[in-house]
Structure formats: C-alpha cells, structure tokens
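Take a look at the structure below.
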Amino acid sequence: MNILNFVHAFFSDSAHWHGYDGIPTRFWEHIGYSLEALAYSAVIGLPIGVLTGHYGRGGNALALIATAGRALPTFGLLVLLTILLGFSLVPVMVPLVVLAVPPILVTTYEALRSVDPSPVDAARGMGMSESRILFQVELPVALPLILSGLRSAAIQIVSTATIAAYVGLGGLGRYIIDGLYQRSYEKVVGGATLVAGLALATLAVFWAVGRFAVSPGVRRGA
Amino acid sequence: MIRIDSVTKRYPDGTVAVDRLSLEIPDRSITVLVGPSGCGKTTTLRMINRMVEPSEGSILLDGVDIQAQPVNTLRRSMGYVIQNAGLFQHRTIIDNIATVPRLLGWSKERSRARAAELMERVGLDSSLARRYPYQLSGGQQQRVGVARALAADPPVLLMDEPFSAVDPVVRKGLQDELLRIQEELGKTIVFVTHDIDEAIKLGTMVAVMRTGGKLAQFAPPAELLSAPADDFVEDFLGTDRGIRRLSFFPSGALKLESGPVVPVDADAKKLAARGSADVPYLLVTDLDGKPLGWGAPQDLTAGEIAVGQLLPYGRPFVHGKDSLRAALDGAVLSPTGWSVGVDGTGRVVGVVSQAVIAEAIRNAHAEGRTDDEAKAVR
Amino acid sequence: MSGFFDIPSDLQHSYLGLIGLHLREALIPVLVGLLVSLPIAQLCVRFRWLYPPVLGVTTVLYAVPSLAFFVFLIDYTGQSETTVMIPLAVYSLVVLVPAIVDGVRSVPPETLAAATAMGLGAVRRYFQVQLPIAVPAIIAGLRVATVSSISLVSIGMLIGNQGALGNLLNDANIYHRPELAVNAVLTMAALAILADAALVLVRRVLTPWMPRKGAAR
C-alpha cells in the first residue's frame, strides 16, 4: 500500500479525465471557487488593512477582528449556513472568506506599518499629496509583505475549498468526499494530490507576480 | 528672507517644543540651528515647511505668511533633506532625484536630464543613475538626498541633521561639498545639527537653542566663540573655544622668514651664511622646495645631510589660505617650536616662530577680525 | 422540546464532556507539534541550507486537505482520535517551524556575540538567550496553530463522529436541530478565543521585558 500506487492508479484511469466528474472540470471548478473567495477576501481585507496601516490607527480593533475571524470554525460555519440557507454557493463562500480575511488584513496592516518612516517623511516634505505618498511611496515598498499575506490566504483557500463538495458542489473536494463514502483511497489520494499541486501552482503564480510587480530595489534592498 | 515671528509649538499633552522663538534667517546663506536633543531645533525646521504647524506666532517667507499658499505648493518650493536621506528604495537613483520635478509636472525627459545634471553637481558618478539606493554607500545616499532636494531649484533648502548618520571622514567630505555647492548656488539654507563643530564650520549664522525650545544665542560663529551669551552657550561650545576661534583669523598677515631655509644640497658657504645666533634651527628642503625636517646648524655638514636624522617639522600650513589655528598647530607639533608655511603646491614659503604667531593672534584679537573675509579662511 | 445544551445520546457525551474531548483532540497535537518543531527549527538555524527544503515540504503538507489526510490514515489508525490528531500535529509543525526559526534568527547578532564572549556554551546560549528572546514569535505561532487546530477538529466528524463538538453538526442535520450547529460553532469559537487569550497571558508572564503595547497579530 503506497501513496504513489494510488496516485498512479488515479491518474492513469482514463475515466477520470472526461465528463462532468473529470479532472479538468473539477480542476476549473476548484479554481473558480478559490478565485471568487480570494477576490471577496481581498476586496474586504486589502483596503481596510492599507488604510489602518497608513494612518497607524485601529491596530487593536484589527487584531480583535482577525482573532475572531480565525476563531470561527470553517467547517462548522459551512454546515450551519447550509442548514440555515440551504444548498448554494453562499454557505461555501462565507467560511472561505472568513478564513482568508484575517491573514490578508493583518499582513497588509503590518506591511504598511513596517514601511521605513523616513522616505515617507521625505515625500511629505517634498510636497507629495497623501494619496501619492500611499500609492507611490508606501505601497511599492509594502508590496512583498502584502503579497505574502495574499499568498498564504490563497493557499488556505485552495486547500479548504474542498469543503464545497460536502454540500454537494464540485471542485477537487468531490474526489475526496466521494472517495471517503465509496471507500476509494485512490480517489482520496488523487484528489489530495491535485489540491497540493494546485497549491504549489499558486505559490509559483505569486512568485511570478512578485518578480514582475516588485521593484528590484525593494526585492534586494530589504 | 524667512522670518520666524514669536512662534510657539505646544503639544496636546502640554509639552512645549518651541517657546516664543523669533529668528530672521538671511537669504543666500547657511543658518544653522544647533542645540542638545529636545531643544526644538527640528520642530522649528519642520514648521518652516509646515510639517509641524505652530500653536502660536507666524512664519513669513519674503514677507508673506507661509499659511497663504497651499501646503504642498509651499513644500515643493523648498528642498528637504533628512537624516539617512530617506530615499525611495523602489526607485532608481535618477528617478529619486527627479521626484519633485515630476511632481511639478515636468516631462520625464526634462526631469531626468535635470537629475543627471544634479548628480554631477553633487559629485555622483553618472554610472550610478540606474542603480537602486541599497547599492550605494551611506555617503553616496546622502548626496542623492541633497541632489533630490535641489532638483527643482528651490530657493530654500531645509536640512535636518543630514550628515549625522555617516562616519566622520565621509561627513567632512559632505560638509566641504555642501560649502562648495552653496558657493555656486547661493541658496537660503536652514541646517539643523546637534554637532557644534559642524555648526561652526557650516554656519554663516548660528542659532544655539536650549532645552525647552528657547533661543540662547543667534550670532555668526566667530562671535559665538569669542562672546558666548551665557554659561549654557559657553558650556555647549565646549573647551578650546579660544583655539577654535583662531580658525577665523587668516594666516596671510603672518610675516614668514625665508632665512633659515636651506636646500638639501646646500654647500658649506651657504650653510654658514644661513646659520646665525638668532636662528637655532635650519629647515632643510628637498630640491623641489618641499620640507624635509629641521636640523641644528652645527649638526649639518655640507654635502652629507642625513635626512633621516632631521627633526620633524609638524604639519605645514598653507600661507594665506589656512588660518592662524593651522599655523599655531604646526608650531606646537614641531619640537623646534617653529611652523612651516607652504604655498598651494606644498613648497616652502618660509617659517615662523611661536612668538611671532602669538603676536599675530594678539593683533588679530585687537582688530576683532571676524568679517566675511575671515570666514572664507576656514 | 430539546434545549440548546441537550446533547443527543448517540454522541455518548455531555456538553462539557464534548468540550473536554475537543480540547484534548485539538491541544495534544499542538503540544506534540511544538516538541517536534523545536529540534527541527534548531537544525534549520544551524544548517541554513536545510531551511528552504523544509519550508517547501511543510508548505505542500499544509496544502493537503485535512479530510484527505484523515481518510488516508483510517487504514492505519482506524476511525479514532489518533487519526484526527496526527494531521493536526503536522499542521502545527508547519506553522511552528517557520515561527521558531524566524524567532531564533531575530536574536540580534551582537546579543549572541555578547553571550559567547561571556563564555556561554552552545546549549546554555540556546536555552538562556535564543529561546527566551524567541518566545514572542513562538507564542505567535502557537496562537495560529491552536486556533486553527480547534477549528479543524470538527472535520473529524466526517470519519465516524471523531470530531468532538463537530459531531453536533452532524446531529443538527440528522435530528433537524439547527441550534446544535449554532451551539457547535459558538462553542468552538469561544474555545478558540479563550485559548488565544490564554496564550497571550502566557507570553506576558514569560516575557516581562516586552513593552505592553497592544499590536496586531
């Protein structure tokens, strides 16, 4: 009994490559859920983190919100919301967003707080407007840390989006849940491998974005 | 002219950073604000470009209240240099320098051309243009900071402890560079430092501030040294202020003697002619006229002067360029008690004894020469 | 009519019993994770080349969904608490190793040099200087690991009611008693917040030299 055997069995079964339960379909479904959840989380977490970080206010409130968000059990929330709202995408999205907002929020706040104050002082002294200071001085320097927060949020989402299958939706979690009920280890291991692979791909995407978007002066200077 | 008119800065917790300060900062010269930490010097500087707003009083720039124009317009018309330079690490050197021109709406090409011009002016090699700040030394970064502040050619330059974070050798280089640039550009510079020596070296006028944000004395540096207003200023100036004040007296008035100077190949006749009862030592020079050392006439034999056995000649001063302080220093350093005067190329012009230097110091004090000419002597 | 705290008998536990079970299933793995991650982290500090591959492996492990982990382990450890706790220990490891490495590395080199100059050997230096200074970073890691562990235990429900409070979620479905799900979610959240607060308290006790200013994280 070997994981590699399961992996091989799963991927070499041509039936797993076609149709509504084929790997491509489940793969794109999974990416779809993940991107949607990441987008909501970023829309909530980034602006709040950036503004609190820029003005240096509300750090304590932010820590409380982040702790509360982390404390809410993801799976419990999913089941509860499904009972209350019935089967739909909403009970899946809410726990994923609750899971992903704290790391984005806290890291973004920290990223802005850890920007060296002296270039900001120089920029203000040169007559830059506050919005220019934020966008042209602080954000470029804070970007690597902000990206790292988004990255860990994205990886947690990719891994956790498997719960969508529990409430009858698709995604790579299908293989794991179905494998559990059908006692098919092959499916479970195959699904887990795909999720881990997707997480690695997410890492690669963030690495590439970092190469492209972060100034060499920040990348190597810090 | 910048006029600070009985300005007070009081913080909400009741601390008074600056207390009814009035100061007239003359145009086209360096005014230094100096004092111990917590004396309000940086707060005062930051009120000039409204990084800090005064609680009471007003600041006038060429007769107009600085509150009259939009704050960012005001700031763009004043260069601002801070400790550690505060460069933008994500931008190349040339783009750092081009910041304010870009803010003022100059085209990218024009801004960069201007930035390149400034790099040259502050002594930065053009090969550094595309580098990032982390690739530069502390001294180079500070030069970039100065260039960035000068980029839009502002009439006023505010400098907040700009050279405090670099080592003494680099600091001296930056100070000399600033004086040179100032000679070319003639900006109105307000310079904050906690280092009294830096204040005396750079300042046309020096404002000494004391804890609690009060002005202790506002005077040219030579006057500060000769007549400190009170115990605090005297204490802050430190020891040796008499000696340091000599920096402001030119050595040009010293009468040098060329009699006791002989070349290393001098023949017996020449040695005999130069040696006399009044002159205990002769200064031996090389064939180029540069000093080698002192020797007693009876120890010197024509044709076989042993250079290695000559007495050290201390540190020569450049006659007419260096100050009486340098001349005195040379005399004190040499065991003979005589100082060697040289020209710009290092050739001996003549020698002078401690007694003559002391005489010159007495005369200078009597004349009270602390004018602009003296200032240039440092 | 059943009350909010009336636990269906199939779970064979009272409300308080479920809380105890939940804490045990959540906290033992964190503790084990901490004990294992300390030597691993120290190795990563000692041998710098080891850190990137360790980070890579742990990141992949972290990305494996917990359910897949549980299902895979059933074959070895059965539908038991152990099956739930092993993956949780692995996740804790993933959070704690980088936290400890960064914490130990954040000790200023001059502090280390001073300790060496005073004649502290490598072992003493580790226990008396590096570890204490790394405490805030380690506790920060423990907070994340503990809170996520408390949340993840509930997924054990899917492998034959091994999810402690999470089993209430299943019963909420079976018996159409949504209040059981509410109870489960709120209780788990409360446990997480209390555990988090307890760790903050521990940090304050262990690091009296830290400024008491509140900060995010």
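We call the chains A, B and C, going by the order they appear; numbering starts again at 1 in every chain.
Convention: a contact is a pair of C-beta atoms (placed from the backbone, for glycine too) under 8 Å apart; a residue touches a chain by one contact, two chains touch by 3 or more.
By chain, with names taken from UniProt: A, C = ABC transporter permease.
Just so it is clear, the structure is predicted and the values come from calculations on it, not from any experiment.
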item: Arrangement of touching chains [line / ring / star / complete / other]; value: line
item: Centroid-based (C-alpha) most distant chain relative to chain A; value: B
item: Central subunit by CA centre of mass proxy; value: A
item: Length of the line joining the C-alpha centres of chain A and chain C, rounded to whole Å; value: 20
item: Interchain centroid distance [CA atoms averaged], chain A/chain B, Å; value: 57
item: Intercentroid distance (Cα basis), chain C paired with chain B, Å; value: 61
item: For chain A, residues contacting two or more additional chains; value: none
item: Footprint of chain B on chain A - complex, ascending; value: 116, 118-129, 132, 136-137, 140-141, 214-218, 220-222
item: Footprint of chain A on chain B - complex, ascending; value: 49, 51, 71-76, 78, 80, 82-92, 99-100, 103, 132-134, 145, 148-149, 158
item: Contact set on chain A toward chain C in their complex; value: 1, 3, 59-60, 62-63, 66-68, 70-77, 79-80, 83-84, 106, 109-110, 155, 158-160, 162-163, 166, 173, 176-177, 179-180, 185, 188-189, 191-192, 195-196, 198-200, 203
item: Sites on chain C touched by chain A in the complex; value: 59-60, 62-65, 67-69, 71-72, 75, 144, 147-148, 150-152, 154-155, 157-159, 165-166, 169, 172-173, 178, 181-182, 184-185, 188-190, 192-193, 196, 214-217
